[in-house]
Amino acid sequence: MVIVMKPGASDASIKHVIDYVTENGFQTHLSKGTETTIIGLIGDKSKLNYDNLKIFEGVDKLVQVTESYKLANKKFHPKPSKIKVGNTYIGPDNLTIMAGPCAVENEDQMMIVAEAVKKAGATIIRGGAYKPRTSPYSFQGLGEEGLKYMKEASEATGLATISEVISLESVNAAAKYVDMLQIGARNMQNFYLLKEVGRTGLPVLLKRGLSSTIDEWLNAAEYIISEGNPNVVLCERGIRTFETATRNTLDISAVPVLKERTHLPVVVDPSHATGVRSYVTPLAKSAIAAGADGLMIEVHNDPAKALSDGAQSLTFEQFENLTKEIRPYAELSKRTF
Amino acid sequence: MVIVMKPGASDASIKHVIDYVTENGFQTHLSKGTETTIIGLIGDKSKLNYDNLKIFEGVDKLVQVTESYKLANKKFHPKPSKIKVGNTYIGPDNLTIMAGPCAVENEDQMMIVAEAVKKAGATIIRGGAYKPRTSPYSFQGLGEEGLKYMKEASEATGLATISEVISLESVNAAAKYVDMLQIGARNMQNFYLLKEVGRTGLPVLLKRGLSSTIDEWLNAAEYIISEGNPNVVLCERGIRTFETATRNTLDISAVPVLKERTHLPVVVDPSHATGVRSYVTPLAKSAIAAGADGLMIEVHNDPAKALSDGAQSLTFEQFENLTKEIRPYAELSKRTF
Amino acid sequence: MVIVMKPGASDASIKHVIDYVTENGFQTHLSKGTETTIIGLIGDKSKLNYDNLKIFEGVDKLVQVTESYKLANKKFHPKPSKIKVGNTYIGPDNLTIMAGPCAVENEDQMMIVAEAVKKAGATIIRGGAYKPRTSPYSFQGLGEEGLKYMKEASEATGLATISEVISLESVNAAAKYVDMLQIGARNMQNFYLLKEVGRTGLPVLLKRGLSSTIDEWLNAAEYIISEGNPNVVLCERGIRTFETATRNTLDISAVPVLKERTHLPVVVDPSHATGVRSYVTPLAKSAIAAGADGLMIEVHNDPAKALSDGAQSLTFEQFENLTKEIRPYAELSKRTF
Amino acid sequence: MVIVMKPGASDASIKHVIDYVTENGFQTHLSKGTETTIIGLIGDKSKLNYDNLKIFEGVDKLVQVTESYKLANKKFHPKPSKIKVGNTYIGPDNLTIMAGPCAVENEDQMMIVAEAVKKAGATIIRGGAYKPRTSPYSFQGLGEEGLKYMKEASEATGLATISEVISLESVNAAAKYVDMLQIGARNMQNFYLLKEVGRTGLPVLLKRGLSSTIDEWLNAAEYIISEGNPNVVLCERGIRTFETATRNTLDISAVPVLKERTHLPVVVDPSHATGVRSYVTPLAKSAIAAGADGLMIEVHNDPAKALSDGAQSLTFEQFENLTKEIRPYAELSKRTF
């Protein structure tokens, strides 16, 4: 942490700042230039609510020198993580394909979809049992019953499973049936929930919030890891911008940025990012080319009758074509699936 | 709901759409122009997952004619709501001032702050006992103990109290001690939590999500009201944009927009919106001039030592000046405080 | 300028940075902490393309200590500017109302509108003769003919006039007929045009770009002033965000932020900011309460027949009501109009 | 164009709308449902300033059925365009690499860079002679002298050339020396300039505005084409969002969206999109995988000494590695370079 004083800050105001941080257990390092004075802080920042320093007289800015996330930080853990999920893992030499319907609708559906996506190359089946919906009048999911159908589909096919959780109750239910928990975009900063999934020890897919910076996202991952659960996978699913041609704007740059900052795997969800079926395949290729460790794709046995997000779901045939088309891109990235 | 077909859509594709919606219990009204064909739907839309229609051949757009929120909608409830909170209420002829520290820090502090803000004109004291913080290493709040301090401060001063909830556990605790529950921006679409606060029947302050549209916000209010709790107050606290001169961008237009669309009261939080102390007073005036029913202001006995958000907190003296300065604006709006 | 080195940057990389900036005519001030090393630069930054330093080995960040705009900066010119426009001026104790149609349509119209807006309290009439329109097939303005109509209206009423310029040709034409030139949002960073209006010496209304930061805006003002023309007035007209309830999002906080950073007057245009007639009056009040020096309002003799932007234009009666309603707010701000 | 009336709109207000549009030369097609009434318009919309209809009593929304751009529209020109530039072309089976420094700095530099980028596979050399810079105190370019150096470099190597124009004067100068004109992001809606480059008939690279929607971008292209110049190439270079890890947010989805809506070629500029050297290569691959027709890459002989944008420029060696790494991606897209 570096405190930049305003040009012309008085000696008294400099002394006031130094006294305050010294009282709070920091050592300081003073650098007086002709233009400005800079005070470097040495010590454990977690003890200081340094933001308050902004209102001290003469203080111009605070410059953070180190990131606030530690356990998710590549600096302290340079080797890319490999996260085991059921019989498979997400990590550096795999291209993990997670596929399935937005919402679990019934027993047959999960079985049919599981078989179809497995055949095309997916290793994890997705399906929502607890659905966060903008309107209270939309379909809210089957709850625990949906999770059971996922488990059956998993047992029949050997696929690993992932499902979204939205509350302690759903975490407890999901932990009994599925291999990986998903935190949705709307809950990325539901810190209470992050701690709960942290406590389960199960692998967690942490979707990026609609308007979350990469820095906030890594801090959210830190919440999970700091509960003793290092099994976090990040999922870029589009951010909110002014553009309306797509539902969200896929921030493809987040992939190389994350590869520089964290050891955690990164997957991309082009279905939610765009909300439009015809953009899913080009963006899936694009994500692999940018360095993604996997993809999450919505696939439905009958998109026109899907209870949610049908417009962005692929049919089995479309999904099979996608996996065929992306295979050479996976090879260029030296990843197998 | 109106379905606009693409120019040149075939008769077969028009028929396919009509058959589908008819099967789902709708009547249709067909309008064939030279340029395009339009299909109007008559019936209960909540039964149809109409978004899927986008992938039907020949469909160009879906146009919503009616809003998805009903209970929060001014069309069906033209009279502005008046929400009772403790001994006071939020609504058309009041200007409600909620003030207090970002986080409850100790017993003495709450008492001192309560007395000071009461003296200056506040009728509700705020204070966070469960704090959602970006980093897991920041101060997370005192929990139930903090709520007790609030209750004591309330008993001593007669002020009503408000505190943020973040989980079922905190809802249950808060319901025992405070008069109004707050849903923070990060939890605006935590639908599980919305239902829980809905069930308490207590008045709820629903802060706008960082990147939530006004429409999504009103749908979030609908979640609470549809649990049988009509006591919802909306709080504009800034949205996320590209501008960095302020922490967020206060969307002042949201006030007149909401006054047109909903009967629920609207308060503005200039402290969180800007994150800068010197902008709080001009924006407080601005909010009243735009039609706000109240203000939420961060006030701290010693901002430099605040455990969170000190940089945006006012001292007692600054807060007293603020209430003096806004009084003539309240009068112009024919509101008392 | 302060260069923050990465934790653990080698002595060689520190030396490399120091040698480079020294060669470029700077003195340095080195501060070695245990956590990090900081290099302060002393000298004329305009000689150094310092951004390049980011790719020097070991460099973590560059921190700007001083703003890049000087002539627009309040630090060097603490007294608020007063800008003369025709017979009136824009500045600290005036509330300037600029009103008129989006586009000049014909001679009669300008005369009728000028009389009506003068009667209601406006001192400057606006009207576009060169219209930047999103589609090439929309009405593009009357050009020089339109400017003549403005001059006639000005001579008949004594109102000052303002019109938008979009090219050297239009600058030359406008300089002959109107009292103030307007740079539209889409041209805020058309630096060539900024220099041209700078050279005229005429007062300039500089609208904020749709996605321009306040810092970029002040740098755009600097382009005009650095040509020897200090007569710049800033106009907040909404920024682009994800919200669609209003055409743009009025950044009301920009008013107090600018009041802190610059001596230039600030006016607000609620008509373009919202695009909706019913929001214009509440936001006009709001702008005055926030500290604005004036308003720009679209008024049309027959909005339903306006050749552009009719939906946001006020009728004469609505405009008269607006000026009546804002008068007490102007008084609270100790401004006259 | 479809006019959706509010639920319960009176017969009088419906008649008023119909009368108005009939007077303006339209035929109407009325559709009365139980929920709402819809009025379809048949006729030449360019004759009607339909936006005004929003303020007619009883009108709820206007729904555009057809796009406002025609010449840029794929519907009327389904075959992808092939744009000749010097000895090369941009279009469906080529992967065009444009490379070179942000700004032309001197004669030797252009020659050295031209040879290096040609060797690595570029077919067009870029270089700015007229630089739009945020601050008036930054380097503004060499002007016509810089264009001459580009021409010399072109004659020596056979590379085609591209340079940015910012005014009529610079258009006239550039037309004498270079093969392709560039409109920068800040000038995307400088409609005056768009018409001027349209009149030259030269190929134009139209960069996307920082906060322009894809629809506005295609309308800007329409300005150029409607002057009789169909040689327009679109360049995605990042949009402005809240994320600060990259300078802008590369909107990779724009590539497939544009491929669906227009016949014009699309290139991607990962250098300006991110502002960070290490992200250029992964995003270059990503752009090709998404379907881009080419890349624009900043390359400098000595980035640390570049007069502008050094931090995002590649060295010759880095650029050569980039072209090697992207070659297999070009092959997968069946493009040659």
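Each chain carries a letter (A, B, C and D) given by its place in the written order, and its residues are counted from 1.
Throughout what follows, a residue touches a chain if its C-beta (ideal position, glycine included) is under 8 Å from a C-beta of that chain, and two chains touch if they have at least 3 such contacts.
Note that the structure is a prediction, hence the values are computed from the model and not measured.
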Reference chain B; chain at largest CA-centroid distance:
D
Counting C-beta pairs in contact for B-C and for A-C, the higher total belongs to B-C
Dist(centroid_CA(chain A), centroid_CA(chain B)) in Å evaluates to 26
Between chain B and chain C, centroid-to-centroid distance (C-alpha), Å
31
Using Cα averages as centroids, what's the distance between chain A and chain C in whole Å?
39
Which residue numbers or ranges of chain D touch two or more of the other chains?
211, 240-242, 244
Spell out the residues on chain D that touch chain C in their complex, using ranges where they run on.
20, 46, 49, 51-56, 68-69, 130, 132-139, 166-168, 170, 186-187, 189-193, 210-211, 216, 219, 222-223, 226, 240, 277, 303-311
Enumerate the contact residues on chain A facing chain D in the complex.
211, 213-215, 239, 241-246, 249-257, 259-260, 273-274, 278-279, 282-283, 285-291, 328-329, 332
Residues of chain B that touch chain D when the two form their complex
2, 4, 7, 29, 31-36, 38, 40, 42, 60-61, 63, 65-66, 240-242, 244
